[in-house]
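Supplied in structure tokens, the structure appears directly below.
By letter and in written order, the chains are A, B, C, D, E and F; residue numbering begins at 1 in each of them.
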Amino acid sequence: MVNTEKTASPLYPFVAIVGQERLKRSLILNVINPSLSGVLIRGEKGTAKSTAVRALADLLPDIEVVEGDPFQSDPADPRSMAPEVRARHDAGERLPVRRRKVRVVELPVSATEDRVVGTLDLELALKEGRKRIEPGLLAAANRGILYVDEVNLLDDHVVDVLLDSAAMGVNTIEREGVSFSHPARFTLVGTMNPEEGDLRPQLLDRFGLCVHVEGLNTPDQRVEVVKRRAAFEADPEAFMRRFEEETASLRDTVATAIRLCPHVAAADRILFNIAERSLTLGVDGHRSDIVMLKAAKAIAAWAGRDEVLDADVEEAAGLALAHRMRRRPFEDILGQAPA
Amino acid sequence: MVNTEKTASPLYPFVAIVGQERLKRSLILNVINPSLSGVLIRGEKGTAKSTAVRALADLLPDIEVVEGDPFQSDPADPRSMAPEVRARHDAGERLPVRRRKVRVVELPVSATEDRVVGTLDLELALKEGRKRIEPGLLAAANRGILYVDEVNLLDDHVVDVLLDSAAMGVNTIEREGVSFSHPARFTLVGTMNPEEGDLRPQLLDRFGLCVHVEGLNTPDQRVEVVKRRAAFEADPEAFMRRFEEETASLRDTVATAIRLCPHVAAADRILFNIAERSLTLGVDGHRSDIVMLKAAKAIAAWAGRDEVLDADVEEAAGLALAHRMRRRPFEDILGQAPA
Amino acid sequence: MVNTEKTASPLYPFVAIVGQERLKRSLILNVINPSLSGVLIRGEKGTAKSTAVRALADLLPDIEVVEGDPFQSDPADPRSMAPEVRARHDAGERLPVRRRKVRVVELPVSATEDRVVGTLDLELALKEGRKRIEPGLLAAANRGILYVDEVNLLDDHVVDVLLDSAAMGVNTIEREGVSFSHPARFTLVGTMNPEEGDLRPQLLDRFGLCVHVEGLNTPDQRVEVVKRRAAFEADPEAFMRRFEEETASLRDTVATAIRLCPHVAAADRILFNIAERSLTLGVDGHRSDIVMLKAAKAIAAWAGRDEVLDADVEEAAGLALAHRMRRRPFEDILGQAPA
Amino acid sequence: MVNTEKTASPLYPFVAIVGQERLKRSLILNVINPSLSGVLIRGEKGTAKSTAVRALADLLPDIEVVEGDPFQSDPADPRSMAPEVRARHDAGERLPVRRRKVRVVELPVSATEDRVVGTLDLELALKEGRKRIEPGLLAAANRGILYVDEVNLLDDHVVDVLLDSAAMGVNTIEREGVSFSHPARFTLVGTMNPEEGDLRPQLLDRFGLCVHVEGLNTPDQRVEVVKRRAAFEADPEAFMRRFEEETASLRDTVATAIRLCPHVAAADRILFNIAERSLTLGVDGHRSDIVMLKAAKAIAAWAGRDEVLDADVEEAAGLALAHRMRRRPFEDILGQAPA
Amino acid sequence: MVNTEKTASPLYPFVAIVGQERLKRSLILNVINPSLSGVLIRGEKGTAKSTAVRALADLLPDIEVVEGDPFQSDPADPRSMAPEVRARHDAGERLPVRRRKVRVVELPVSATEDRVVGTLDLELALKEGRKRIEPGLLAAANRGILYVDEVNLLDDHVVDVLLDSAAMGVNTIEREGVSFSHPARFTLVGTMNPEEGDLRPQLLDRFGLCVHVEGLNTPDQRVEVVKRRAAFEADPEAFMRRFEEETASLRDTVATAIRLCPHVAAADRILFNIAERSLTLGVDGHRSDIVMLKAAKAIAAWAGRDEVLDADVEEAAGLALAHRMRRRPFEDILGQAPA
Amino acid sequence: MVNTEKTASPLYPFVAIVGQERLKRSLILNVINPSLSGVLIRGEKGTAKSTAVRALADLLPDIEVVEGDPFQSDPADPRSMAPEVRARHDAGERLPVRRRKVRVVELPVSATEDRVVGTLDLELALKEGRKRIEPGLLAAANRGILYVDEVNLLDDHVVDVLLDSAAMGVNTIEREGVSFSHPARFTLVGTMNPEEGDLRPQLLDRFGLCVHVEGLNTPDQRVEVVKRRAAFEADPEAFMRRFEEETASLRDTVATAIRLCPHVAAADRILFNIAERSLTLGVDGHRSDIVMLKAAKAIAAWAGRDEVLDADVEEAAGLALAHRMRRRPFEDILGQAPA
């Protein structure tokens, strides 16, 4: 399992990414409100997609977890604990607590279902006849961010597993007559290059927000990208120090917004604004309305406000509607563009 | 196995679902008369499909089961008991009885045949040389509801197994020379997004009723959906209390209708009305007639009547005929609509 | 293995099936003369196909089998005994005899080759180092009826096995260096929905007769179907009692016809009538002639006659020729009908 | 392994087959001269294809084999003995000899490569750590006839194995580090229904002769077929007795021809006749010439002559050339017939 | 594992390759600056592609590695050590150091994922119950060159693994509950024949530079190729001696350029030149800018300069841009060139 | 493993093959100069392709091998010895030497990768815990001829393995953590029927020479073929004696040419002649030039000359260029010939 805690390599700072404001915005909104259900980042190769997601780790708030629990159960919320931890809690044990960063867990495109879901510890089973669960990536990602690069190349079977877990907030491991469930609530961040095939509508809809990124198109910005990259490669520590202050400030703003967000209110006028946008654009279902409302609240919280403005809805719509527009029937398409 | 008994998460109340009357109706009719053979819910993503099915659990009546029996045998009906339970009954044992809710069992789209049918307990076989059956989802679903989200993406092999069991009311597990049969009578509820491919006619016909759902299209309703969702997410317990009374009342109406349904009569005029509808619309076979009659009786029972009216048939036809219309021959199709 | 002996569910009586005279006729003719090689029932879903085949069990005559023999060897015919039984017979043992009904064995469309052919008892092999055969569905079907619902969806490998056994009257199990043969003579009854793909000509030709069934198209008949179904579901025992007498009478007629059939004669004129029908219609090969003769004799026996009439040939042709007509070359087809 | 020795069922006599002279002829010629390399029988289903091949067993001459040798080594020809037998021979052992009929071994279309080639005796390997070969169908077919019904449906891998063995006259078993070779010279007889796909040219060319069979097309013949079939089914022993004399006479003629065949001479004129036929018809390669010569000699031997006549070549050409005609280039085909 | 240290065969000298200047240039630039991320060599078969890459081994500089470490950890850089070596370092052990050439490791196109990633030492696991990692080709290639001939024929799964490792600089082995990560930083050199299919854009973009090679097209050059090849085959040692001096001189120039490269400066004017080239040609993302800058610096270092000139950018653009040009939409392509 | 040493069957003499001069020539040239890299024989079935290759075995010169070494190491060339043999040599052991014919090893088209590459001796591993390599066909073919009939039907994986070995002259076996390399230098002779699909360009280019064979087209030659074949089949020993002298003479000429070949000189004029032929015909790469030079020298050696003439180049071009012509772009092909 590769996660940012163990990776020795220095991470390029989030605030040092040139341009790509919508990309950065969508990631931060998900940190402010994790129930936004993730971001899909579509765009050409060689843009800052992966860099931004990895860099996000540095902005994430601390959480409290039960020490030694591979499912990072929250010591303050018995209902969402992993079964073993819950049993200890119910038995009156005082659970050891550790404070650490939220994790960004990467799901490599070549991951097998076993790797994602978890499996039986075969060695123990063969040697001692005992069955023990070997947690998978979904365990590691609980309460964190699950990052899938090239999500459109994922094996169908793994996609099904992701969708099942994402829908239920629960992952179930079943091997050799052992059945084990643990909480698996995570923010899904995926990147894809549309040149290499598209996503199933079901998986597309799973992402709360969607942004499209392109390479920067002014010479000034491009030169700045190259300069920073070269500086970072030459001396990563110095480069990180240069952006330390800006990073700390962003981290504070995020922390404040996280606290404020549950208290942001939206007037009925705002809700009608949202509903009419969905109806006008002809999106499928109601998830778009709910996501727009949540995104607008996170935007307001970010701005330090406790009330949603129409401008917040405007921005939220730009992030939540594009990938939910109903596909036109076949004849329509034929009349306008090649497949 | 994920079933509603164990899921810690609070369930959105059935009565709090805004609109979607036909969807809710078709589910309730199946609760009133389980021999209606289930519902297929077709529709765009993001509508209340899954929410409604999961919420249904709360409305289901209590049943009596033999305590500790994974096949939930009915203590009052020896003929439909699992073999082991039947043997105890025949030996004069007084079976322990437990009263509990009917279950909604979910069949994940990535489920393997082993998971659905059941398998051998390998551990026991290897360690003690004894063979014991590990029951599958069909055992858990006996006398309950089997729910398949995205039923059109199910593996062909699993579809065959479902059809075999559904047709026979019996599930047979055969592994390594052990053959074991147990009753498997369940109401099949499936959802599908027609954009992702259609069902084999054989599986389509297996569903008694079929409804098509779409997103709501008035701003008022949409705003109400978002408001309720937000309220539910903010404080699930308070939200459930708000609908407690309405839920209790619905539960009573359902219980009354269940008792009344077997006593609802249908005049010959009603039967001819049914037969003529099938002949006029050109459906395949006779299942449509039988399902229409059953649905009409359940509708009458719901209304507290003990006689079917023409209006009941009218409504039943709307739920039972659409997915059974004969497909037109190839040339016809070419002349009128794209594939 | 699911066979009618063990199924606890009550069976809908054969004589209570409304209409569908050709379907019922073709099944009865195969009972009268098992060398007719079965029936293929083509037709839309929801007609009485499966009900009729399952109900057939009740009409089947008794046979004598060697008690405890999984291959149901005939105690009176040493040449067709299973090897083990034959060895006991040859050693002068007096074989225990049991009288019981001919079986209808169902071959589920998801059956594996192992399940059909039989396999090694692995448990015994691993524990005691002895090899013993675990008989499959072909063993259970010996001297009985093998019923395949949706025969056109059968796995190619299983089809090959069926064809090999059907052609040789012998099934051979070969696993891990053990080779075992046993008699496997059975009447093959298959159903299929032509909408879901057709059969390989080789398998098509294996069926002696073929009937096409459709839903009934008069309101009177449809109402009668629904009434009977509802009555059966409400109280199966009462319903079966209602048709008891009619069933007993049919059983007697069948038994008489079975005894008479081998003595039915066919004049040369009849044989030429048969040959000319095949030549005129351009069927492949000679099986049509042989099947027509056998069917005509069974029809005569059913009518209590010991001589074939031209009308018997007329009816037999209707059952034996349709699925054997030579397929026209490609250009022909293009000019006349869609694929 | 299913071979004619063990099959209890009575065989329909070869001489009782009505018509189909070319089919019967081609089989007999291969018995007279086994180096003719077999026959491919193409034709519609339900003709006497399989019956004729199975019946052929009864006409085959006796051969001498080493008693108990699964490879039926010839006690008189050390060079073609299986290695084990050869070793015993070389060690001066006097090998026990048994006289028996040449075998017709059937290769079922569902046969696996293991079944055809042979495999390791796993039981022995696991229990005693010794490796022993379990001979396959190619061992059983050595010096006999290998019969493949529906040869065009054979698995590609099995076809490769057949071609390798047929080309080398040797079959090699290689499993788990054991390598074992044994002689595998056999006459390949295959049947196929051209409606179900054609053969690879390489396998096509492997068959020395090829005949096309169709159903008989005079009422007289068809009636005779049905009469004989009915008589055979009613009382097989009596039927066989009826043709006993004719069978014995044919068996004598064949035995005489076998002895005469190596002594049949062909004048140069005959050889030029053969070469010009191949050149005129544009067949690939030289195998056609060699097969024509051999077939013509067998025809002469059958007629009791020791010299080939032009008429013999004429008949041989009809059997040897059709399946070797060069396929025309693509454009040609397009211009004349649909693919 | 086949690497150049063990190969006994003499290597054709790099400097003896006739022509193919861009090919040789691109390889040398990667030796000077390994962060250039490799070369893709596209071209027809039979050109000097493989010879050049293999010959490159002789020009590579020496590096220091920890003796006996299969991951060739750098004794001077604890942060990039393999975990085991790092542990020894952290424990204060003085690590044994060996000086040797950078390696060229070949990844055969038939390599399995296990072979590339590494696997568990099964023997040890079975015999001693201990788990030990068996390093794969990515371990061998750390700090070296990974060479894939016919990279476009690589198995998809192996491509995914290469991309994951290349992006992270880390390879993770996960088998049977063991998870192990080690550094895997390598220069990827691939060859491909475009006639046999193209690369996925994601893998294409992974290569820093790309050159196209063709056969030489003057008789003089071709004759020289043949003469040298013949001389080499006749007496490899003599041939190598003939080019010894030229090789030594090239090796010196390379070593000097390696030292100089980190100190080469690029004025802002140069950076704008680079950015404008990318914008004008419409390449995807920013990797082209970064690669052009690095390549231009390596070119300057090679020329002994410590400042980049516009001519260096010109040459770098020729190597870095061609394979990154945005593919035009479908209609465009149809109008201009066949697929 | 089937190789010509063990095959008991008598071989048809090379010199008795009628016509097919180019085929015989190309094989002999490869015997004279094994670095010519083999022959691809394309042509219709039933020509003398396989006969010629098998017959070649009888013409091959003797070589010296280390007795008992499965890799046939050359006792006189330590650098190309298998590792075990090299170790014994380096330890000063005097290696036992055996003189025997070069081998023709056949690679059956159904060969698995294990069979070709070699594998672990599992029996030894399981019983004694020792790992020993079981050499494959590439070991047997070292310093000999590897013959693949129907090379275009070879499994892709096996083709990759052949190409890897052929390019490196080394075969590497890797199983269960054991890695073992041995020399694998062989002359590859393949036959193919172009009707059954073509070769990948990469494999095509691997063959030094390529000839196309057709059936003979004069009656005289065809009659001679048949006469000889019949004589051979009637009495192989007598037939071989008839050609003994001619065979011996050919064997001498070959042996002389082998000794002379390394001393044949080619003037610069000859080299330019070669280069211009490649340029004029537009072949890919430089392998054609090198192969033409080698073939021309072998032709000269065969003629007893020590200098290449233009006529030798002319003949060499006919054998080396046809399969290397560049394929024309798509539009060209469409305009001129069907695919």
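One rule holds in what follows: a contact is a pair of C-beta atoms (placed from the backbone, for glycine too) under 8 Å apart; a residue touches a chain by one contact, two chains touch by 3 or more.
Everything quoted here is computed from the prediction, not taken from an experiment.
Counting steps between touching chains, the shortest path from chain A to chain D takes 3.
Note: centroid distance chain B to chain D, computed from Cα atoms, is 59 Å. Distance between chain centres (mean CA atoms), chain C to chain D: 34 Å. Counting only residues that touch two or more partner chains, chain C has none. Shown here, the protein chains touch around one cycle, each chain meeting exactly two partners. The cyclic arrangement of chains, read from chain A in the direction of chain E, is A, E, F, D, C, B.
Of all the residues in chain F, the ones that touch chain E in their complex are 35, 79-80, 113, 125, 129, 131, 157, 160-161, 163-164, 167-170, 172, 174, 176-177, 179, 181, 200-202, 205, 262, 268, 271-272, 274-276, 278-279, 283-290, 293, 324, 326-327, 329-331.
Taken in their complex, chain F has these residues touching chain D: 1-2, 6-9, 44-48, 50, 108-110, 115, 119, 121-123, 127, 134, 149-150, 153, 193, 195-196, 215-217, 219, 222-223, 225-227, 229-230, 233-234, 338.
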